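Here come two complexes built around chain A, the first alongside chain B, the second alongside chain C.
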Partner chain A sequence: MTSAINPQPLTFPRPIFAAVSPHPFLQAHLRSSTSSKPFRANGRLVTEFRPLGVNPGSLTHCNGSAVVRTGNTSVVCGVRAEILREEDIPGTQTYGAGAGATAGEKDGDEHMEGSEEQEEEEEEDDGAEIADLHLLVPNIELSTGSTPTTLPGNAPSSLAQTLISRINSLLHSTRLLRAKDLRITYTPSINPEDPYSAPETVVKGYWVLYIDIFFISLDGNPFDAAWLGILAALKSTKLPKAFYDEELEMILCSDSPSEAKPLRLRGLPVTCTFAVFEGQAQDDGEERKDWILSDPDAFEEAICRESVTVVLEKGGLMRVEKNGGGAVGRDEMKSLVKRSKERWAVWEAVLGKA
Partner chain B sequence: MSPTALLSHLHRADGSATYTHAGYTLIGSVNGPIEVQRRDEQPEEATVEVNIRSAAGVGSPKERHLETVLHNTLRSVILTRSIPRTLVQITLQVKSFPEEESVSGVGSSLSLLPHLLHTSLLALLSASIPLSTILTSVLIAIPSSKSKSESTSPLVSPTAAELLRATPIQSTHVFAFSGDRRLLLNESEGTFNYDEWEEACEMAEEVCCKEGGVGGVDIGEGMEVDGQEDGNLEKWLRDVVAKKVGEEQRWRVA
Partner chain C sequence: MTTDRRRINAPSGGTSAPVFVRTVKEVGYLQSLRPTRTRGPNEPRKIFLQTSIIPSASGSAYLEIPSSSNSSTTTLIPSSSSLKITASIQGPRPLPRSAPFSPTLLLTTTVKFAPFASRTRRGYIRDSVERDLGVHLETALRGVIIGERWPKSGVEVVVTVLEGDEDAWWGDGVQGGGGGGWGVLNVLAGCITVASAAIADAGIDCVDVVSGGVAALVRNPDIKNKSEGALVKVLDPCPAEHQDIVAACAVGYLASRDEITEIWMKGDVGSSPDELIEGATHAAVGSLTVLKEVLLEAVEAQVKGQVLEDEKVEQQQDIEMVD
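Moving on to the complex of A and B:
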C-alpha cells in the first residue's frame, strides 16, 4: 500500500492572485484583518480617502487653472474666459440684469450687506440665466494612456460623456457661480431715451467660462478628482476688467492685472464617492457581508457594481446619486453622510491653503 | 392619475411596452438573449445594453448619462448569470413629454427617470428575461417654503403642471425600490438635509411597495376613479401584467 502524498496548498504571488481572481483577493483582505478596522488591498482602511494635492495657477494661458492629485488619479483643469457679445445672443429674453446692477455695481463690493440682500432676490433668476445662455461649458477628456481602456482616435467614451453630464448638472444645480460676476454691463453717461432721467445699466455681453478637465492618469474615482480640479481652478480664476467703449462700440478689456476681479464661489460643495463591495458567501459558514469603500481606486471600481456619490455643503446635502445595487439603504446612507461631512473639512483645508 | 401601459405590441421585438403617464409617453423594446459582439462578451454573465432616444434632437451626453444609470440599475435586477455570453438589448424611445416640462424647474433627466425605469421593466417582463425581482420608481419634489414657519409637504409623483404651480422647488428626489424593499436607485438634487431626504425616502417606499397593495398614500387627487384604489405602484405593475396574461389566456380558459 502506497502512502498518500500530502497535497501541497496552492500559493500564488500577490499580483497573480489579484489579476486572476480580483474579487476573492479583495475579500481576503477585508475578512482577514483581525482588528476591528478592516483594510483593503491598497492598504487603506475601508473609510479612508486618499490624500489630496492641489497646485493652482500653474498654467499661463488660462484665466484660472489647477493640477490636482488624489493618489494616482491626476487631473489638470483649465478655465478660459471668452466674451459673448449681447448682439450674438439668440432670442429676445432679457434677464434680471437691471435689478441688481444699478446701484452697487459700479462701486464694486463696498457695501457687502446691501449686495447680499440683492443677491437673495437675484438668486431665483440666476441659475436660469447661466443655464440658458450656456455660460459654463465643461469638457472632460480622458487622455490616451490615462487608463488601459482609453484608446486614441475614438469619440468620447460613454464614461467621459457621463462624467461631463454629471459635472455640468452639478455646476448648475449648486449655483456655484453668480450671473452677476459674469455680466459685462454698461451705464451710458446720459440716458439716450430720456435725458432727464437716470441712465439705465444694460448688459453688453457675458463672460463664458470654458472649463476643460484633462485626465493625465485615472486610478478610480474620476468624479471627485474632476470636481476638486474645477473648484481649485475656479477659485484661482481672475477675470480681466471688461468695459464697453462708447466710441468704438465694442467691449474692451483692461490690460492691468490689478483691475482684474477674482471669481467668487457660492459656498463650497464637496463630492464624495463610495463603492459597495458585495462579499460572497464563504464555506466557513460566516455570514455574507458588504463593505462600503470610500474613494475607490481602479481595481476596486472594476469589481464593485454599486456606487454612491454624496455632494454636500457645510449646511446640508446638495446631491445624492446611487445606483447599481440594493446594499445601501437609509441606515447606510446616514453613515455615508457622516463620512462625507468629515471629508468636507479636509477639502476646505486643502482648498483654503491652495 | 395612474399610469397606463400596453405590452407586447411590437411583433418583431422579443418584448415591448408602451407606457403613458402624465403627458409622458415612452416606448420600450427588449431583444434578448441574443448574440453578443466578441468584444463585449462576458464569460459568466449576460451583457446588458441600454439605448435611450430622446423625443427631440439627437442623443447628447445627457442621454448617455441616463443610459449608464439605467444600465447599472437594470443589471442588478436581471439574472445575468443565468444567460451567460449573451446580450440583452433594451431600447427606449421618448415619444412625448408634457409642454410644461421645460419650465417646471425640475431637470428633464430626473423627471424622465421613473418613467424610463417602468418602461424598461415592463418591456423586460414582456420579453421574459429572467429577473430576480421587480422594481418601481417614483419622483418626490419638495417645494421651498414661502415662510420660515410654514413647512411644505413633499409632492409625490407630481405632474409638470403641479410642479409649475409649486415653484420654486427646493429639492427633487427620484427613488427606485425592488420588490423586496431594497433601495436600488436614488438621484436627489437641490438643497436639503438628511432628515428631509429620509422623509422623502420613506414616502417613496410607501408609494412603491407598501404592504397589502392598498395604500393610504394618495398618488394624486382623484385616485379613486371608477371605485378603484391605487395606492401602490407595485400593485399597478402586477395588474398590468395580470391583465395582459388574462387576455392572452382567454381561449385556453374558455
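Moving on to the complex of A and C:
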C-alpha cells in the first residue's frame, strides 16, 4: 500500500471535483485555458451568454403567452386579462381626467397615431395610474420541482419573493405598458346634463393583466429568463375590444380576433445579469484575479457573491442593480454595459422574430 | 378577501373575466360554438410525451394531449382545453436528520394547477381539488415503486398542470353548475402517465410501468328517452365534447401484471361497473404503448450519448485537476 511506485497527483472525475470543491474547480478552468479567452466549466466563454429560445402563444386560456428557454432554464409565462369595473375601484381619485375632459381632442388624437411625442406628453403620469390601481399583477412560481432547493408545499422562498418584487418594480419603472391600452372608455351618445354640448368620455373600467411566470426548469439566472418570458408574452398579448353596453349596463367584449388589439409596449428594456467570480491567490505566485461571468448558471451562482444586473434600452441605460462584493468598479461597469448593449441586439432579434 | 403578503395581489375590488357580446345577445351563437366528438368511441386522443425536460431534476417528463377540436380563427373564445402536464422527480435523497427512521422510500406527491390552467383563474394556494389529486396520484404510484431498496430516503414527485381538461363545456356552466368534476379524472390519468414516465426517467425501480386511462358512460344526445341503449361507453372522453356524462372512471393500471393500483369512479354507474373499469384499462393500455415507446427511445438516446461522452471525457482528462 505505502509503496506506490509512481505517485500521481490526486485526480477526480469532473462531477466529483465540481461537487467537492466548486471554487477551485471553476478557477482551474478559467486559469488553465489561454488568458485571452478563458473558458468556464460549462464550456462558455466568460463573456458568452446562453442562446435564447422563444415560443409564443402556446397556452389556450391566456390572452398572451410564451415558453422561453435560455440554456437549461425554461419558463412558461401567461398573461391573462380580466376586467376591473370602475365602481369596484376603491378611493375617490380619478385618473382618466385627461381622457374625460377633452373627448373631442382625444378622438382626433386617435386618428393621427403618428404623433408619438404628443401622446407621450399627454400620458405623463400614467405610471401612477397603473401602479395605484394594481393593473399589473406579476407573480413567479419556483416550486414546481424546477430546482432541488425549493419544494412545493412551502411558502414562496425568499428567492421567489425577491424576484417577484424586482420584476414588479422593473415593470413599473420601465413604464413598459400604457394606461391608455388598459382603459375601457365609454362616450354616451348624448350628454345627459346638457344635450347641446359634446358628451364626455368616461372610464368605465380597466383591463387588469395577470402575469404568471412558472419556472419549468431552473439553472441559474432566473431574473433574465422571467423578464424575457414577460416581454415575449406581452408582445403576443391581444386584448379583445371592450365596450360599455348601455342596454345591459355592463362591459362586454367582442370575440372577433380582427378587432382585438395588441399591447403597444414602450421600447424593449433588456436585462443582463452578471456574476463576479473572485479568484483566490495561488501558491505559484500568480496574482489574484476576478472574472465577471455573463449569464451565470446555477453552479456559478452558488459560488459567486457579487452580482450585477444591467437593464438597458436601445437609447441607453435604465437601471443598474448591484449586490455584494466590491470587485466591480467604474471601468468594469463600463465594460458590462458594453456587453449588455451587444446582448440587446440578440434579444431584439429573438423577440422580433417571435 | 385575504391578501397574500408574499405575492403581488390583484386589485382589492376584484376583477371579472370578460363577457363576450355575441354569447349574450345573439340567440344560438353560443350553441354553435359547442365542440363535438369527432373520433370514434374507442379511439383515444393523441398523446405527446417527452422525458428528461428538466436537467436539474433527477427525472422529469412532459405530457400533452392537444385539443381535438381545432381552434377556430373566427372567435377569441377557445372551444375546449388541452391537457399539458409536467412532472419532476427530486430524489431519492436522504431524509433530514430530524425525520424518524423509515425502512422504505417515502413518497411525496404534489399536484399543482397553474393559475392559467383553466378558464377561470386559479389561485396560488393549493386548494382541495389539488390535494385530492395529490393523494390519488400517491396511491397510484405507491404500489408500483419498490420502496425497500431505498431505506431512510425520500422522493418528491411534483406535478404541475399547465393546462387541464375542463369539467364540462364552458357554455353549460351557467345553467348546470358543473356535473361533478369530470375533468379531474382526465387530469388524474394524465398525472399518472406523466409521473410514471418521470419515475422511469429517474431510474427508480418499479414492479411495472403504470399508466392512466379514463372511460365514461355518456348519454347519446340523439336518443331522447332514457332507454338502455341511450348510454354509450367512450374511451378517453373530453368532457367539453359530451353534453351529458353519466359516469366516469379513471384507473392507474399495470398492464403486464393486470393489476389496478388506483381507481376513481364518479356518477351513476348502474349495475355493471366492471364494464366501465375495463374501458378505463383499455384507455390505459393505449397510453402505455406511447409511454413504452418514449422510454425506449430515451434509453437508446442515452446509450448513444454515453458512448460520445466517454470519448469526450478521455480528451478532457488532460486539463483536469492539476492542483
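Keep in mind that, in the parts below, the second predicted complex is superposed on the first by the 322 of 354 C-alpha atoms of A that agree within 3 Å, B and C clash if a C-alpha of one lies under 4 Å from a C-alpha of the other, contacts with A are read in each partner's own complex, and residues count from 1 in each chain.
Operating definition for what follows: a residue touches a chain if its C-beta (ideal position, glycine included) is under 8 Å from a C-beta of that chain, and two chains touch if they have at least 3 such contacts.
Here the structure is a predicted model, which is why all the values come from computation and not from measurement.
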Which of chain B and chain C A:K37 touches, first, second, both or neither: neither
Partner chain in contact with A:I164 - chain B first, chain C second, else both or neither: both
Which superposed partner A:K353 touches (first chain B, second chain C, both, neither): neither
Contact breadth on chain A, by residue count: chain C or chain B: C
First (chain B), second (chain C), both or neither touched by A:T11: second
Contacts of A:T60 with chain B and chain C, given as first, second, both or neither: second
Partner chain(s) touched by A:F214 [first = chain B, second = chain C, both, neither]: second
Residues of chain A that lie at the interface with chain B and also at the interface with chain C: 161, 164, 168
Chain C to chain A touching residues, read off their complex: 6-24, 53-57, 60, 67, 71, 73-78, 81-82, 84, 86-90, 93, 110, 112, 114-119, 121, 124, 126, 156, 158, 160, 162-163, 313, 316, 319-323
Complex contacts: residues of chain B adjacent to chain A: 61-62, 64-65, 67-69, 72-73, 75-76, 107, 109, 168, 178, 180, 182-194, 197-198, 201-202
Sites on chain A touched by chain C in the complex: 9-14, 17, 24, 28-29, 32-33, 59-62, 65, 72, 74, 76, 78, 80-85, 88-90, 133-135, 137-139, 141, 143-148, 151-153, 155-156, 160-161, 164, 168, 208, 210, 212, 214, 216-219, 238, 240, 242, 245, 248, 250-257, 260, 298
Residues of chain A defined as touching chain B within the complex: 124, 158-159, 161-162, 164-166, 168-169, 173, 305-307, 313, 315-330, 333-334, 337
